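Below are two complexes that have chain A in common, paired first with chain B and then with chain C.
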Partner chain A sequence: MKAWPRELSVGLALAALLAALAAFAPGFFAPQPLLSLAAREAPVLLVACGAAMVIVCRQIDISSGSQFAVVSVVAGLLAAEGWPPAAVATAALALGTALGALNGFLVAGLGLPSIVVTLATMVTWREGLRWWRQGAFVNLPDGLQWLGLGQTAGQWTLLATALALLTLLALAARHLAAGRHLYAVGSDAEAARLAGIRPGAVTFGAFTAAGALTALAALMNVIQSPQVDPKSGTGLELKAIAAVVVGGVAIAGGRGRLAGVLLGLLLLATVGPALTHLRIEAHWEKAIQGAIILLAVAAEGARRRPA
Partner chain B sequence: MGRAARPRDPPSLPLMIKPALSLLLCGLVFLAGCGRAPEAARDAGGGGKRLTVALLPKSKGNAYFISCRAGAEKAARALGVELLFDGPTDTDPAKQNEIIENWITLGVDVIAAACENREGISTALRKAQARGIKVITYDADALPDARAFFVNQATPEGIGHTLMDEAARLTNAEGEFAVILSTLTASNMQEWLKHIRARLAEKYPKMKLVAVRPCDDQKDKAQAEATTLMSAHPNLRLLMNICSPAVPGAAEAVKQAGKAGQVKVIGLGLPNENRRYVKDGVTDSVILWKTEDLGALTVEAAVALARGALQPGATTFRTAAGASYEVKGDQILLGQPFIFNRANIDQFNF
Partner chain C sequence: MSAPLLELRRLTKSFGGARALRGVDFDLRAGEVHALLGENGAGKSTLIRIVTGAHRPDGGTITVDGRPAGPLDPRTAQRLGIACIYQQPALFPDLSIAENLALRLETGGPLRRLDWPARHRRATTLLARVGAPLDPRREVRDLSMPEQQLVEIACALGAGARIVIMDEPTAALTQTEQTRLHGVVRELRAQGTGVIYITHRLEEIFALADRVTVLRDGESVGTRPAAGLTEPELIRLMVGREVAQPYPPAEHPPGDAVLRVRGLGRRDAGVRDVSFDLHAGEILGLAGLVGAGRTELARILFGLTPADAGTIELRGRIVRPRSPREAVQLGFAYVPEDRRRHGVILDLPLAHNASLASHRRLFPGGWLRPAAERRLAEDFIRDLGIRCGGPFAPAGSLSGGNQQKVALARWLATGPQVLLLDEPTQGVDIGAKAEIHRLIRGLAGQGLAVLLISSDLPEVIGMSDRIGVMRGGTLTTLLPGGAAPDAVMAAALGRATEAAR
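Now for the complex of A and B:
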């Protein structure tokens, strides 16, 4: 009971919301639109996993939305140039990994604060993209959408990929040394160092992995439509961090589970569509999401104080 | 006014060269095939010196302004004036001011500016006016005292009414529709929505606006919003998208839901971003103004202002080509927005 309090409360909130929808707007559960919405959130889940790793490590990355946009546009342009999908994916993953590694180097290598570093990279990538592309959409070649799988199979594939990766990462966090080091460094970097862990390497690894996950997320988003919007990913970093915090990952590092992140994302992502289905004005969406985040942070504070 | 000191007048140019230049230019204009050689000759030869109009876009690489430029160049050729076109590579208010300073030094006759920063650019434009340069704005206005006229491409009322009328036309003025906008707080969105609602209340009693949803100016979010709107409102007949990324976003959602034709898609946007959906019959109408016409009208107005044909207080503006535009206060109105659809979209590339 005590081991899963946050996941339980988030799960209950989600269940209550779904029950309200089942009672008052059963149309929400129509399979086709629901699958479409879930497929659209699959990339967000991966970005949130990256954010969780960075936050567990007691750092923060607010540049993931900009990384997402840069990778999306570059992948789109390469595909439009006629690169085969596998080559596009490789290049995109390499680019995302490099962008993440740059953050990691600046934070772990030079010892700069991650909020400042990733604020700088966030603005630089976003503005650089604006300067370079002038806001123009990238038209993708025919046949790239759903990688030729067709819409329904494509959407299921995206969903399955995201959930499989989440499971793998959750298992790695528990059972691999690298995963446990992440928590150790996030709890107490000095103690971790004395225990023979290299905090710098772990931090660098977390940012790099987050970059790679963001790149994969970007690819999973790009293949869902025939055009790339260079503004895509704006605000994505906040959505991801919100899911992480609501999911019970301690913002001060060292604690939290990816299962919670999944629940946090599901809860936050359901609010908007739920309001539309319940015929409630859109004004309330951000207010409700804000209240959920506030509750989560307050619960976190209450949990830390008595100890 | 310091007109005599302006370095634009080329005093060192031998007098004989001017007629020769005029002839050459006539020849060029004639070769360009626009068929207005006689007029150009009159302007260039009779007036003695060619008028220079400097056109400032928000950013010069943007397809929207490139298309404005094309119209401006046509008008400049027809009027026999010289057109300079320069702007920031990116939307950069400081760079805009720099370019205006350069044009003041160069001594152009008219500056026509699309302003990135309303307040920021006004100081530079006032300085230009003080040096005897005529100033007008187009696309996005400066402060009123920093320019003589603003060429207004579309009034909020014109946009709201065109959208609502088009929605009514496509649905036979019956049934539910929803609006997707950029954000609930953006002032232009609120202004357009106000006119949409007013037109709806006034003319279309059988239509019902069931939801207004924001997409944060992102195509992907608009797609998710449209998906949810269609499932929450199964009788939805039309999605009206009043920010440009929402139009292709909503179209993709309609296509993925297999509801093309059943749920109509219209909106404010650029032809290039919507071309494939318009051609596929998913998106019915994309509403904007003809950017070439905006560029042309701007140059026409700039030249008329410099030649004294356009004075403050005018209520109509008649172009040299004979077209007539309404002038409201100090704004020259381009007129009703233009509707791009399957029949005409291939004529436009921006």
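Now for the complex of A and C:
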């Protein structure tokens, strides 16, 4: 279909970058650092999936980084209290879902603009956490790191989980009526309403699902280290949204695929390490990522313009 | 006699294939009120837009003060003293009256010093000239609609307008406000301004106008002095003799009543006390002027703006649709007026659009079934004759007529009992129009009850088994199908003697 060339161009850019690395810095492809990189980015992928759902629905959620921090700290404290891992995970997921549902209620139920709502929740959770924890790290009990699987197996588990979820969500977007409704509401909420769809329910669902995915991402991040940093997740929402936009999801809603989001994230996440391996100064990373985002948005603008 | 203020000769204008003006002659003298009259779509708006410079004519000449003016653009039109007062005033709600006036009347660079006392003085003077003692510091959002109109007129005066166009200025006014506005118009006339006055209210024409020009199908059918004209004469001019157009005939007589509506209304939608029956296999046309409440009635039936009075009985059961979702489940289908915006979702492929309102029926359990969806789309493409690049072509790539068929397909897929069609052939070319007419008649032939809202007089008369005429938010008249156009138009306009709202 028409959307493919866009994802294809992201894929080609990624392929070109990898080819350059293969030619000039084959060291990049050493298995263990590459796996570590992938495991570090796996949580970002889940947050980006949530952000993609919200953006397809023609909304925006900039509170995911703060949700991530709150869920991380709470999960860490519960684990430190001696809760079994399954109970910690359940509680964390419930908390993330609730935080997402609150955004959804404020946007869909009260009709407030999502940029303002999620800006408010972003600041509130982040500052609330700072006031509550005073910046203290949470020490995790032994055995939680890598779920006791050891680093390599743990990293593979995280990567597999994230990719499996991405696949499931992509299939759901394609094969569930709910997925179709998401696109319909994002394209034209009034038309969707006239077709008997409830745009409010769909929007609420998108924010709630994004919250749940962020909570899962937080859990996947917590088990990668022996401590929980209360400042974790800072800037995460921007990384996620950047991946979504670069991946070809229309910021105006209604169009885009999760496969593109994966490519977008891979491209953005490869830039930093690639610079190191290509011996280009590392402070170019942000500039290059910014340029990629601008390019993506400009390409979107060109497509939006009537032919 | 001096040259007319404004003279239009053989003006033509087409949009795409549709000819909006086919050689219109019109002239306006200083110190006269010249009424412009015609059905919806007769070309009045196009004519005004050409005079204000919003549209360029394809052919013809425009003369202002005896001098050829060439095609106008908004700036030139303004400089020549042409101003237009729209039904919905186009002011900036967050700015004060004085600021609104200054925006249009003051010139100069962005860094000039502003003289606030002078601004306020001028605003006060201008407001006094239109008989509106308003404080120029008030924000426009706090003004009533008629007050905003007066501000617009003040603005036109301030700009030195000698040609003032008023487009249905009294459509939303009360009797008192209307009287006051008429006073202002007479004042303008006395000062030597030429006023082009557009209205659907015949009584206003007799009260105000010096001459009347009637437009029909993009042609001027006559200019007459208002004195000595009678109401039937005017209506006949507006409607003319109908060109016999073949409309598909009904195949069966209508069956039992599917829908009984009694005393239906909703205060804030301006709809009150609507009662009618709609039978299986029947097409009930809804005629009326723009703003008569027809779309609002359809929106009530479809649960978009639920009723606050009256009852809806569907197959013997009282129903209260409170959302489109409930209405769809009850068996209502609504193809809205604004197809470009909300009839189809342009981003989605044809097949997804067609199935959108039938997910529960087509996909029990919420799993999409692409094969079933493709079959559905292919059936509709065949049955409705949709010309497209296949079932997965984006809806936005189709022509207007074909988009309308997709919108129709979506609702047919739900298996509805009552089909509400709002201007189904608006902006559709002649060929597609005839196809849509055949489709609608075919659907009625299958037992569907159809409510057809249309401002196209021949269409509503030719298609309908019965014609309901709405005026002022209520259904005033029921006529048999094939009724004389004069009768429908007279009912839509109301009797001239009847006082306006």
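The rule is short, and it goes like this: the second predicted complex is superposed on the first by the 303 of 307 C-alpha atoms of A that agree within 3 Å, B and C clash if a C-alpha of one lies under 4 Å from a C-alpha of the other, contacts with A are read in each partner's own complex, and residues count from 1 in each chain.
Criterion: a contact is a pair of C-beta atoms (placed from the backbone, for glycine too) under 8 Å apart; a residue touches a chain by one contact, two chains touch by 3 or more.
Computed from a predicted structure; not experimentally measured.
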Q: Based on the superposed arrangement around chain A, label chain B with chain C as either clash or fit.
A: fit
Q) Once the shared chain is lined up, is A:L176 touching chain B (first), chain C (second), both, or neither of them? A) second
Q) What is the contact status of A:F28 with respect to chain B (first) and chain C (second): first, second, both, or neither? A) first
Q | Larger contact residue set on chain A - chain B or chain C | A | B
Q) Now for A:G196: first (chain B), second (chain C), both, or neither, which partner does it touch? A) second
Q) Between chain B (first) and chain C (second), which does A:D188 come into contact with in this model arrangement: first, second, both, or neither? A) second
Q) Taking the superposition as given, does A:G254 touch the first partner, chain B, the second, chain C, both, or neither? A) second
(Q) Quick check on the superposed model: minimum Cα to Cα separation from chain B to chain C, whole Å please. (A) 36
(Q) For a test of understanding, state which residues of chain B touch chain A in their complex under the given definition. (A) 59, 61-63, 89-91, 184, 210-214, 216-220, 223-225, 227-232, 234, 245, 248-249, 252-253, 256-257, 272-273, 276
Q. In the complex formed with chain A, which residues of chain C make contact?
A. 302, 304, 323-325, 327-329, 334, 336, 341-349, 352, 356-357, 359, 363, 366-368, 392, 394, 410, 414
**Q.** chain B contact footprint on chain A (complex, rising order)
**A.** 25, 27-28, 30, 32-34, 36-37, 40, 130-131, 134-137, 139, 151, 221, 224-227, 229, 231-232, 234-235, 272-273, 276-277, 279, 281-283
Q) Can you list the chain A residues touching chain C in their complex? A) 1-2, 174-181, 183-184, 187-188, 190-198, 254-255
